[in-house]
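Take this structure, written in structure tokens, and hold onto it; I'll ask about it next.
A, B and C are the chain letters, set down in written order, and residue numbers restart from 1 in every chain.
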Amino acid sequence: MIRDITIGQYLSGTSFMHKLDARVKIVCTFAYIITIFLCKNFWSLGLMVAFAALMTLLSRVPVRMLLRSLRPVAFILLFTAVLNLFYTKTGNVLFQWKFLMLTDKGLFTAIFMAVRILSLVSVSALLTYTTTPTALTDGIEKLLSPLKLIKVPVHSLAMMMTLALRFIPTLIEEIDRIMSAQKARGADLETGGFIQRAKALLPILIPLFVSAFRRAYELAFAMECRCYRGGEGRTRMKQMKLGVRDAVTAVAFVALIAGVVLLSRFFPAVI
Amino acid sequence: MDTIIQLKNVSFAYETEEEEKTLAVKNVDLEVRRGEFLAVVGHNGSGKSTLAKLFNAIHLPTEGQVLVEGMDTADEANVYDVRRRVGMVFQNPDNQIVATIVEDDVAFGPENLGVPAAEIRERVDDALRAVGMYEYRLYEPHKLSGGQKQRVAVAGIIAMRTDCVIFDESTAMIDPKGRREVLETVRKLNRELGITVIFITHFMEEAALADRVVVMDGGSVAAEGTPAEVFADTALLRRTGLELPPAAQLAAALRENGVALDGDTLTPETCADALFRAAQKAGVV
Amino acid sequence: MAVLEVRALSHSYGAKTQLQVRAVNNVSLRVEAGELLGVIGHTGSGKSTLIQHFNGLLTPSAGEVLLDGENIFKDKQTTHAARFRVGLCFQYPEYQLFEETVYKDIAFGPRNMKLADDEIDRRVRKAAQFVGLPDALLNKSPFDLSGGEKRRAAIAGVMAMEPEILVLDEPTAGLDPKGRDTILNLVENYRKETGSTVILVSHSMEDIARLATKALVMNRGEAALFGTVDEVFSQGEKLVSMGLDVPAVTRIFLSLHARGVPVRTDVYTTEQATAEYLRLLGKGARV
């Protein structure tokens, strides 16, 4: 049922990864994604994959859940792999049949691309599995806070993100309800040409917008009644404090990047 | 008992494009006493919800004065202080929850007030325990029932340590079970924490539990008194589009048939007691 | 023959995952033409899921829904036609209004039925009359109506399809006593005048007691009780044990009975309760 959808995809837990500061997790995730694209040989790639595996272990997120997050990208994964496999014309030819030609470089590129996408998605999924949406937006707010100096409304942006996350399930439920109600009046949403279908959406979109505006209006009142005045003078219940755990993680990441750089120096690039 | 909110000859008109403005609230004089459980009843359009929004400076009086702890709500500089003393729980439980986790939502008010982190934690836990939602503190709000969401909203207000909570038809959209939960919570807060409660409702059985009832009709106060006094006037109820609580309806029908019932007959419990006493007196038990 | 028959209907959400939830479990019932069936149950008892099978919006995991003896899930056309034969009006229906005018909104259903213009016009006006919306309001935007009028306009939109069975999910939710009485009266008048079958979902046992001829109590996805209103409401204690809100008079009489007062406990209206108490005291009702 719709009630079962989860905001973001946070899995509650108390693992090492769960306890890490959101800012550290966000920065490290970005660092990881950039670093994996710097890997040009199997040694460095292997190191990255091993590191991702370690993080998965530390997060106690079931592998099954991680695989589930990969499902939406399965097609892209296959597509890029096949593309790389047969469109790379340089390198030693391993196999040829009519116009299909497979080179070692093509094979390696395909493997690299696939592994990169897999790790990229898994690592981002780990971030969202182990960080609550609130912590995530708070982390982003804190990380972007230097931008306040150039008058970027960082707090408002973060608040908007939180509210959007909060209202996604509510609005999905609403769409479901409106669709059922209009279908009960014989609305036909499945047949007809493009214009007809676009027209058929009006009975759903209009009530949806009317309701969304009403909700926004009421929410604004409710927030004001709870003394919300923007970011000025606000404190937070959940203070972000960097601890030993976060320092260890940061050092480990620096070591990882250094390792990748070194391995790239000592071993030749294969792609 | 001292006064927490005072309305002096208050009128209010919504801003419309039309020239003629109809007053949603007309010349209301009202005192809310500290620590009381005040119910405001009336049919839709009677002005009861508009009145509620005048108590905490959502609406500012077109005429007259609203004083909250002596502060005039019309003075821009007071608005923040008024709202930290008088909180409000709205009708639609979905449209007042801000955060994606229950405890973060309860923390929202104290955070806005600039309360130190450790104290917020304490207040949030206390508030969630007070409304019986502590076990749900890590839940996502949309997975809760209507009654539970309203209790979270109540916790969000009392975590601000407000003196007074207004319930603006907060039970209208939830099922009977949720309504009972909310009502029990409200009575507990009123009795145990001494929080002043202003309860706007059109359910007469809820109003029957209050210390005092104000009946709104056509924007004015049509009657005011204890539930027993107000519900004794059936003509008034009929005139204002209201009805007796079901238990009181039975008691009224029996009295019409010559049955002498003594004491309070407004709630099912008290009415059953009265019927039991009458049966004993008649010697049939 | 029953106009609506439900045979061993079950519905599960999330059928293919481990999170499978049986929202409706093996429910059977029969509704005769012209009856008013009241459906009672908690939020989450499965009553909303159940009624969405009556017009084919939801497809059962198991079991059948028969309209005039014909299974509506027999083929696609029959399922689609069921939408118009069973008019379903959801909770808070005013939130589905969308047209420029009230008239057009009420006409939305009939128009989807591909009826001729004059027939649509006749139906819109008749439905508006049933719900007590004056002609002057028909050309207004539905968003300019009052709360109660919006609710009635939305109900008219379903009535205008002239369904054999009208299903109303909590039509009085959020309304004050006056608004509630207006809706209940118009439902009763509609049933009397058109002879249609009505299914009314409500949290209020008082409302069901007042209007219904038959009652169905849903509990945890199952039909816990089904029968005439007298049969169902005479099981006061069972209803209380399910955590349902029995009418206040029933609660009072259960309490008296528990204290040893020899009264019946199957009373659910003020009139019945008055008569029963007067009988106890050895007096006749002065009516």
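The rule is short, and it goes like this: a contact is a pair of C-beta atoms (placed from the backbone, for glycine too) under 8 Å apart; a residue touches a chain by one contact, two chains touch by 3 or more.
Model, not experiment: these values are computed from the prediction.
Peer 1: From chain C, which chain is the farthest off, judged by mean CA positions?
Peer 2: Centre of mass proxy via C-alpha means gives A as farthest from chain C.
Peer 1: Check A-C against A-B and say which one is joined by more contacting C-beta pairs.
Peer 2: Greater number of contacting C-beta pairs: A-B.
Peer 1: Please report how many Å separate the Cα centroid of chain B from that of chain C, as a whole number.
Peer 2: From the centre of chain B to the centre of chain C is 30 Å.
Peer 1: Taking each chain's centre as the mean of its CA atoms, how far is chain A from chain B in angstrom?
Peer 2: 44
Peer 1: Could you tell me which residues belong to chain A and also touch two or more other chains?
Peer 2: Where chain A meets two or more other chains at a single residue, that happens at 4.
Peer 1: Can you tell me which positions in chain A touch chain B when the two form their complex?
Peer 2: On the chain A side, the touching residues are 3-4, 6-8, 12, 132-134, 162-163, 165-166, 169-170, 173, 214-215, 218-219, 221-229, 233-239.
Peer 1: Considering the complex alone, what residue numbers of chain C touch chain A?
Peer 2: Interface residues on the chain C side: 13-14, 19, 21, 23, 52, 55, 57, 83-84, 87-90, 93, 95-98, 108-109, 112-113, 143, 157-158, 161.
Peer 1: Touching chain A in the complex: which residues of chain B?
Peer 2: Result: residues 56, 58, 80, 83-84, 87-88, 90, 92, 94-101, 103-104, 107-117, 120-121, 124, 138, 140-143, 156-157, 160 of chain B touch chain A.
Peer 1: Which residues of chain A touch chain C once you look at their complex with the stated criterion?
Peer 2: 1, 4, 177-178, 180-188, 202-203, 206-207, 210-211
Peer 1: Please output the residues of chain B touching chain C within their complex, sorted ascending.
Peer 2: 43-45, 91, 145-146, 172-173, 175-178, 180, 202, 204-205, 241-243, 245-247, 249-250, 253-254, 256-259, 268-269, 271-272, 275-276, 278-279, 282, 284-285
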